[in-house]
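Have a look at the structure below before the remarks.
Order of writing sets the labels: A, B and C. Residues in every chain begin at 1.
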Amino acid sequence: MKLHRLGVGLLGVSLAFFGSMAPAQAAGSITVWVNSGEEASYKAASAAWSAKTGVTVNIVAKCGLGDCGMSKLGPAGAGPDLFTASHDNTGSLVKSGVVTSLSSVVKKASYPSAVLSGITFNYQQWGIPIAVSNIALATNLSLVPAGAPKTWKELESTATSLISSGKANVGIVTHLDGYFMQPFFDSIGGYVFQNKNGSYTNTKQVGLYSKSLAKNASLMDTWLQKKIFDKSNTYDGSNFTNGKAPYSLVGPWSIAGLDKAGMKYEISSIPSINGGTARSFSGVTAVYMNRYAKNKFLAKQYLVEVVQSAAFSKAITAANNSYPANIEAASSIDPSSVAGKFGAYGAVCIPMPNVSEMNQVWTYWNNAFADWASGKAKFGAAMESASKNLNKALGNS
Amino acid sequence: MRFWLKKVLWRHVVGIVVAAFALFPLVWMISAAFDVTGQISTQQLIPVHKGLDNFVQLFSNKEKPFGIWSKNSLIIAISAAGMQVIIGALAAYSLSRHRFKGRKLTLTTILIVQMFPQLLAATTLFLIINTFGRSFAILGLGHQLPLILVFGGSALGVNTWMLKSFFDTLPTEIDEAAKIDGAGHFEIFRKIIIPLATPIFVVTFLLSFIGIINEYLITSVILGLDGKNMTVAVGLQQFIYGQYGKNWGPFTAGALLATIPVMTLFIFLQKHLVSGLVSGSTKG
Amino acid sequence: MNIKAVSKGSKYLFAFGFILILLVMGTKLYQDKAWFLAIFFYVSAALIFYTYSISKSTPAKYLLPGVLLLTLFHIYPAFYSGAVAFTNDSNGHQLTKDQAIAAIVQDSKIPIATQEPVKYQTLIEEGSKKVFVLFKYESENYWLSDGNAIRSVSPDPRSVLVDGTVVKVGGFTILSPDQTQAQIAVLQNLVINLDSGISFQPQDLETLEVSQPAFMYNEAKDELINTLSGESYEPNDNGQMVSKSGEVLYPGWKANIGWRNFSSIITDKEIRRPLLAVLVWTFANAFLLVLISFLMGLVLALIFNFPALRSKRFYRTIFIIPMAIPSVLSLLVWSGLFTAETGVIDRLFHISIPWLTHPWWARVAVLIVELWITFPYMFLITTGAIQAIPGEILEAAAIDGASPAKSFTQIKLPLVVRTVAPLLVASVAMALNNFGAIYLLTGGGPTFSNSNGNAGATDILISYTYKLAFNSQEGNNYGLASALSILNFLIVGLISIYGLKKMKTMEGIN
């Protein structure tokens, strides 16, 4: 009896192992890695094509920030056919050799030139843009009934008067790092790398301490001292949600929190000190193709027939509150909606440089902001040393 | 009375101060869990906007399913802790009782190997499990079985030392007596040693269990970023991942829910735990 | 039936079945080209068979399962990581040399527009069963190639249709569309090159993409030539193709660089400076933590060992609560509490300390939290040690007229220290690798301003190494990280061995 039962048990175990042996990928399937949390929207947007062509589309949540681990997995043959990433990874993806050029696939006319420049590297296109996201200014309408500021002067005076009357603790709730402070950086004349004809490959020209920034650097110190910026550098949104700050820099990810706190707010662009609009960084989410994909033909077909369509862009962005990169899809967004407001500002923003040197930029740039915020150095001095160190690290000097 | 004031009262004062220190984060965790605005820095002790929203969010979020995370954590932790205790006990018994040529070397090797932190070999573990997955789906990435086996790989470690110390305290006369009665070595282990060692097994299981519930690096490498596969330790971090948009509310709510059973278990088994650690200290 | 025989028989069947499963798995792994794992499974099966049926050695039977798992998931990864230390494994150096060169060539393709798309047909060579592609380009010549060799063919005009499709080629079978579909895996990786440099690649099941890569690889001379500029590129010792003028081509490949990672730790200022600071703090943190928490635990143990104190159990339960909260959660909560100015701690005590942004305050914060986590353990073991002191010794001392203070310093303290010394050594070893407490609380920050890397004021060696390897901002420098892991291992190992040796001599003295 015991033997018999054991034998059955053994058989069962062996069957389980045999059965679990992964079959070779069936002809007619592709694998796409997407950001965790977005599988549902990708699956839904691919369903119709999958049914029509009989190709199975495996959507797997494997990505977060960065390159999805592709630099190690792709060459080892463990990667997917397609994957999503933020466009600023383009440079390092290309330099790692793990993505295939999609220049012959991208329909340039479908996307704004700023978006295209984000996925362009070395004069070729490497990703199919889907969504554009950027930060924007949120104004607390209960504290500032007049609404979003149209000029910098208006922003500054509103903030300082609220602070001096004690109604507010700080002017603008934001992180004090490169990504968030970019619009103010841009406003006073600073830049990271020169953008020539949509290409950022000129890394010899670093603008962290450009002439015009050097001239205006003291403004940043004044603003910090006036509490326009919060030197505790925590981006703890509660100052904004508790009505203790008139403005905050927010991204599409913050909207849910604002709504939950029951806030009345307005999303707008950020005014520049010289009258125009201060440009933030925009991020483009794009689909890239693994150079070592196992199903190149089908993946290409999927890119052409599904990913490039306006419907796809619209479906994905609707699900994650970002703005479609596809021009046709974008035209159907209501400009007065929150997504519309983000998108309107995003249209004038500049895409983050996609060169792999950005990694070093962030290190020095963010350190400089931290030193300035903690009071260790004045803004000008901090940026000057960051610029010097960065140039040295990049081999420019 | 005088005696009490002079000798005892100040001890209570010290005790209360230290207790406040020990309970400090727990108290604020509770406050933040019931505060619907989801921040922790500006947290008030009694939240201004009270509510159960955070808890509701935990269980209704399809992409961050706390319920499934808890199930995953329990399955993995119980299986792996059990495996660690069994393997560790077998090895510790042998290292305690048997005198063989490579004994000292084995003991030292176990100690030394544990000093190479597994987390730095995370990439290699990833590649190994990935290779498994290409031949056997259930041994691949995103599955619990390979993770449990990886934890089993750590069984010969600190736990083994602790178990060995305990076994060393059991007089060998017991073994001798049983041998004379005709019992085989494994029978001695099963029928005599195990019942005597139950308290220490419980302690070892508890410590392993907590350690595995706590582990998030290797867990996230092997289980991946799919919300359905995560454990509590990995999953809760998703709420406050990245510098922007930290959502402390559900995080603290989840942390609280995860802490309560572990803490209860701890306090309940406190007696065994204390005697185990204490005996470990006196025997070195 | 004899019960013993049945149970023995079933035990053997179970073991036999298990070995069989391992062999089957090993074979599948071998078929899937997972060499190391396949061999490991075979060897394990053999060892299990030997240990449990033939060998007389009892210890082996108890140790084998643990040892096998330890080898596969601890020892092998450790050695593999060690091997990586001798390569330049990092972002941009993940490919093999062949892959890198193929990528450079492929990315340099300049598309050639043709009036009509170039169609191709798929053929199988009878005999060798290799996949060939037949197509017509420009002249009336047909080209036949399998990606390696190419030759022109002139099919019999009678077997060519009006649209150019060939229906018969001697020695080959022409595939139908369905059969072509089955050869997708080969077709999509096929690259056919003419001597003139023109390259053809199937872009779907019927048409070829025509292009002219700007780079050509001369395998014999191991150099890449840019056909447009005439520049030639040769491999350097860092896994890259470099021109005489120093221009580097991407991507590079993973190359063996010998001891360079290790030597760069000493010679490269950008690595050495932050590393030195990190090392100093690694030791300081570990020793301070163990010292302070031990003292705190000891003091509390002495205070609460007082017999007249009836609520001992109550306090003890509360004191060990920090051990009961999963540290991954409590550490993150602490990081939130330490927020400067607006955070709970600053508000509660009416102070304004920039805990996480100021290097020295960050270190204090780290020590406070580590103390919170560790003091319960120290409290328990010192309590145990004190309680283990035989009462007679203390009584004898009291009779001899020793004051409580003397009784403490001369009797209690030495005995306690001697008892818990091994545990303290183990605590130091663990504290040297206390990754979680650092990484979750401060991320190793605040970052050193002038550093090239992400080394920060609270970084210990293991957190710095982790960031080097897994922080893509650092270029995922696995090579250097592996070298540092070996260094880490040596440090912790040596300190532990030294500590254990010292204790053995201490015991000898007493």
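We take it that a residue touches a chain if its C-beta (ideal position, glycine included) is under 8 Å from a C-beta of that chain, and two chains touch if they have at least 3 such contacts.
Here the structure is a predicted model, which means the values were calculated and not measured.
Counted as hops between touching chains, the shortest connection from chain B to chain C is 1.
With chains reduced to the mean position of their C-alpha atoms, the one farthest from chain C is A. A count of contacting C-beta pairs for A-C and for A-B identifies A-C as the more extensively joined pair. Measuring from the average of all protein CA coordinates, the nearest chain centre is that of C. Here the CA centre of chain B is 22 Å from the CA centre of chain C. Once the centre of each chain is set as its mean CA position, chain A and chain C turn out to be 27 Å apart. Per-chain Cα centroids separate chain A from chain B by 37 Å. Shown for chain A are the residues that touch two or more other chains, namely 17, 21, 72, 234, 236, 238-239. Residue positions of chain B touching 2 or more other chains: 41-42, 123, 134-136.
Of all residues in chain C, those touching 2 or more other chains are 25, 28, 339, 342-343, listed in ascending order.
Contact residues of chain A toward chain C in the complex are 2-3, 6-7, 10, 13-14, 17-18, 21, 27, 66-67, 71-72, 74-75, 92, 94-98, 100-101, 104, 122, 124, 232-234, 236, 238-239, 291, 294-297, 300-301, 356, 359-360, 362-363, 366-368, 370-371, 373-374, 376, 385, 389, 393. Residues 6-7, 9-10, 13-14, 17, 20-21, 24-25, 28, 91-92, 94-96, 99-100, 103-104, 106-107, 109, 111, 181-182, 184-185, 187-189, 202-205, 209, 250-251, 339-343, 354, 357-358, 446-447, 449-454, 472-476 of chain C are the ones touching chain A in the complex. The part of chain B that touches chain A in the complex is made up of residues 36-39, 41-42, 53, 62-64, 123, 127, 130, 133-140, 224-227, 238, 241-245, 247. Listing the residues of chain C that touch chain B in their complex gives 25, 28-29, 31-32, 34, 37, 57-59, 61-63, 65-67, 69-70, 72-78, 80-81, 300, 303-304, 306, 308-309, 311, 315-330, 332-334, 336-337, 339, 342-344, 372, 376-377, 380-385, 387-388, 419-423, 426, 429, 433, 435, 462, 465-466, 469-470, 478, 481-482, 485, 488-489, 492-493, 496. Residue ranges on chain B touching chain C, taken from their complex, read 3-4, 7-8, 11-12, 14-15, 18-19, 21-26, 28-29, 32, 40-43, 87-88, 90-91, 93-95, 98, 100, 103, 106, 110-113, 115-125, 128, 131-132, 134-136, 149-150, 152-156, 158, 160, 185-186, 210, 213-217, 233, 236-237, 240, 248, 251-252, 255, 258-259, 262-263, 266-267, 270, 273-274, 277-282, 284.
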